[in-house]
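Naming follows writing order (A, B and C), and every chain is counted from residue 1.
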Amino acid sequence: MFYREVGQFKTSYAADQALFPILQDRIGLILILAAAGILAPLLASAFVIDSIIMPVLIFSLAAIGLNLLTGYTGLLSLGTGGFMGVGAFACYKLTIFFPQTNIIVLIICSGLFSAAAGVVFGLPSLRIKGFYLAVATLAAQFFLSWCFIRVPWLYNYNVSASIEVPTRTLFGIAITGPNASPVTRYLVVLAIVTVMTLLASNLIRGRIGRTWMAVRDMDIAAELIGIRLLPTKLLAFAVSSFYCGVAGAMMVFLWLGNAESESFSINQSFLILFMVIIGGLGSLLGSFFGATLIWGLPIVLRAMPAAFGVSISASTIEHITFMTVGALIIFFLIAEPSGLARLWQVGKQKLRVWPFPY
Amino acid sequence: MRAPTGQEIAAGEILLSVDNISLSFGGVKAVSGVSLDIRKGEIRAIIGPNGAGKTTLLNIINGFYHPQQGRITFKGKSRSRMRPYEAARGGIARTFQNVALFKGMTALDNIMVGRTLKMHRGFVWQLLRFGPALAEEVAHRRVVEEIIDFLKLQQVRKIQVGKLPYGLQKRVELGRALAMEPELLLLDEPMAGMNLEEKEDMSRYILDVNDHFGTTIALIEHDMGVVMDLSDRVVVLDHGIKIADGAPSDIKNDQAVIAAYLGVAH
Amino acid sequence: MDLLYKIFIDPPVQMGAAPDLLVQALWEGCVSGVLYALIALGFVLIFKASGVFNFAQGIMVVFAALTLVGLNGHGVPAFLALAITLGVMFVLALAVERVVLRPLVNQPEIILFMATFGLTYFLIGLGELIFGGEPKVMISDQLWLPGGAYRIEIFGGFVQLQKIDIAAAVIALLLVAALAVFFQRTRIGRALRAVADSHMAALSVGISLEQIWVIVWFAAGIVALATGIMWGARSNVSFALEIIALKALPVLILGGFTSIPGAIVGGVIIGVGEKLGEFYWGPLLGSGIESWLAYVIALVFLLFRPQGLFGERIIERV
């Protein structure tokens, strides 16, 4: 009854191709952004912001990156963690070299370093297809992981092989380092993620997104239409790694405040891949859903025993979390291979015809 | 523009010719020493029993397969092998025997992909979208909508092509090929799996394309009625070799052709 | 110039200067190669028979080993524990077929591959829950596996061949031979190959997919158990093995995803390449290059032969 499109006519192609063609969707989006930008800083505790909202946003961005590569272009990648690490370490070195430069600019620049790494490790994609390409990305992942430990220059020869984030400011307010408040950091993350998500959706809706999907669906036919495969695939690697790199830099600089090489290991790659699968391959919205579920589930599971008054050891909860995530993945693949995003679409469809059943 | 007449075709230039083309896969000789030409503005049928090498020939013209021998001349330029990008850029478009649509996308998007070569706004504009990229998108959308009107696909344009019935899929594929504004349109069994009504529709579309846009068409087809009605000239392949070449009426009565299809009496 | 010298001249010189060390390195490489091949074998079995790349093979290896050690730790005699573990692997095979494979019949391979991801995580959680996360010692003595080493004088120096390594090589080769015969010669083997080609076609000729899959996953479970025992005997049983299992991927690329003898060949190439690389070129780059060297070797191979060493050239038809 509320979610009808009655009376909403598109009078131009541009309007038809808009991001949120339905008025109710637009209103919903504004409400969400308002809640995120205004209500959350005012009402949510620092704990919730620091442990739930910020990591979900950051991982969503990484998931968007992987989704662009795997969901839209069909190139399976297991190197996400490594590319995130490139962004993080690049940002660190850049701010050591240019301490006066605005940190947000540097975070974006570190994405470029990730993009370069992505292009280099994506070169084999011309010759190698499908599953074999995943092995090439594994090579990238393990090699980069090794670099993060064995190249001391990256972490400034720090004895513990980790990096500590220095204080950086914006308009006089500290946004990184130990003095920055969670709210400040959160607002910066929110701004960056919002803008980058918008840019990603622009790409997807236009020529480049269609080219990627064509390569994914049938690269032979795409080639015969005149799409050049290597530049298309390399662009996918570049953009995807850019997003992962920025996510990695944000993870270290705006969320954790420090990092070690383990933060960017193969397990991180798997984590992001699960977010993409459960959220929905080929859906930007799905990336957010997947990140929320995969990140939020362990937190909920950890909090549940206390809520019921039962005490279970932390390690047992870890194990149960693993089992639940694994079971969820299988469940989703059986029930809805297109992930949470598809469930959301189905839900909206039902909402459209509500209160009628169909 | 209107379709050229028989005399105009005969007098016209050769758009594409292949010269002594041979290709083997392992021990199988798919195509052996085939030479044929396609003149501007005509509808050329390529027929023959199954396994004759017809699709292989189209694949060679497209640049998907590379011949081991022979040359391909397109618009005056001769080469020993075609590259898919060059073929597409040069104006060769194609439909496929087993519909090669992008199953994950809508019909509209599939046809829009056909416009890719004509869209030039770079990466940065695409990121921004607002401005030149959007204007380009809208302009090409207009063209695609005309094609959708032409092929009567309005109802299904926003539906994922994987969900469409076979006949509609083939029409979308034709739309995608037309979106490339090709000079040479290669159709691989466009009527396969269609009923009489659908075949008549498709024939009408093919004729219209040749009529309105002057597109040269090469068409592989099994339905003899269609071949006789539509084509200006016919070439017959059997086991990778050309066995006949000429006007439809001549081909119909050619002994070698009849033997190839029906077998020889012992 | 100096760098070129270090890359191309130094290592061969070192190899020649101490040939007994070279032989030792080659032997170690072959042994680890054989062990990689064992892991790869489990992958090949399942891929050959169902077209599914079973990412969970690594965790199955760990799980099998943990079950064995765990049972024995509770007082069950070694060989009885072995039998019970086999039973557990059979039940696991049944469960996987029922819960994961049957609902996903005819889905594209990538979906099945991701399902095995889910299975992996599930088994990791389950394994840690039941057995705990600390490394365990394999019960080699109770299983009559030999200990100690042979010391052979050679080239003016000596090499040490661990008896357990020899045992591992022998067992692996026996398994490979047995499985190769099984696939080529028996009726069930033929059915397995049919299923790998096309589920639908196999169904249409009356092959029971469920039975085949249970057989295959059980066979993979047996291989996993053998692998777990051998790996565990040489180092110990821990969840780190699960990541090492990823090394099977370069092996599979070289040896082919469906070739049983290929698994051995690929394994030995990777094992030897890795050992030699780490030993002679490692100091140049820093330690620990074996974490990625195998993948880079596979990558280089792929660039020249995209279908792997033993794979068939894929002819794409439009």
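Criterion: a contact is a pair of C-beta atoms (placed from the backbone, for glycine too) under 8 Å apart; a residue touches a chain by one contact, two chains touch by 3 or more.
Keep in mind that what you see is a predicted model, and the values were worked out from it rather than measured.
In this assembly, B is the chain whose CA centroid lies farthest from the centroid of subunit C. Chain centres defined as mean CA positions place A nearest to the mean of all protein CA atoms. Of all chain pairs, the one linked by the most C-beta contacts is A-C. If you average the CA atoms of subunit A and of subunit B, the two centres end up 42 Å from each other.
For this pair, subunit B with subunit C, the centres built from the Cα atoms lie 49 Å apart.
In whole angstrom, the spacing between the mean C-alpha positions of subunit A and subunit C is 33.
Residues of subunit C in contact with two or more other chains: 318. For subunit B, the set of residues touching two or more other chains reads 64, 96, 100.
Counting partner chains per residue, subunit A shows two or more touched chains at residues 220-221, 224.
Chain contact summary for the complex, subunit A toward subunit B: residues 12-14, 17, 199, 202-203, 205-208, 210-211, 213-214, 216-218, 220-228, 235, 282. Looking at the complex, you find that subunit A touches subunit C at residues 76, 124, 127-129, 131-132, 135-136, 138-139, 142-143, 145-146, 149-150, 220-221, 224, 266, 270, 273-274, 277, 315-316, 318-330, 333-334, 337.
Across the interface of their complex, subunit A is touched by residues 62-64, 84-85, 87-89, 93-94, 96, 100-105, 109, 112-114, 116-117, 119, 121, 123, 126-129, 133-134, 137-138, 141-142, 145, 176, 180 of subunit B.
Looking at the complex, you find that subunit C touches subunit A at residues 53, 99-100, 103-104, 107, 109-111, 113-115, 117-126, 128-129, 133, 243, 246, 249-250, 253, 285-289, 291-292, 295-296, 298-299, 302-303, 306, 308, 316, 318.
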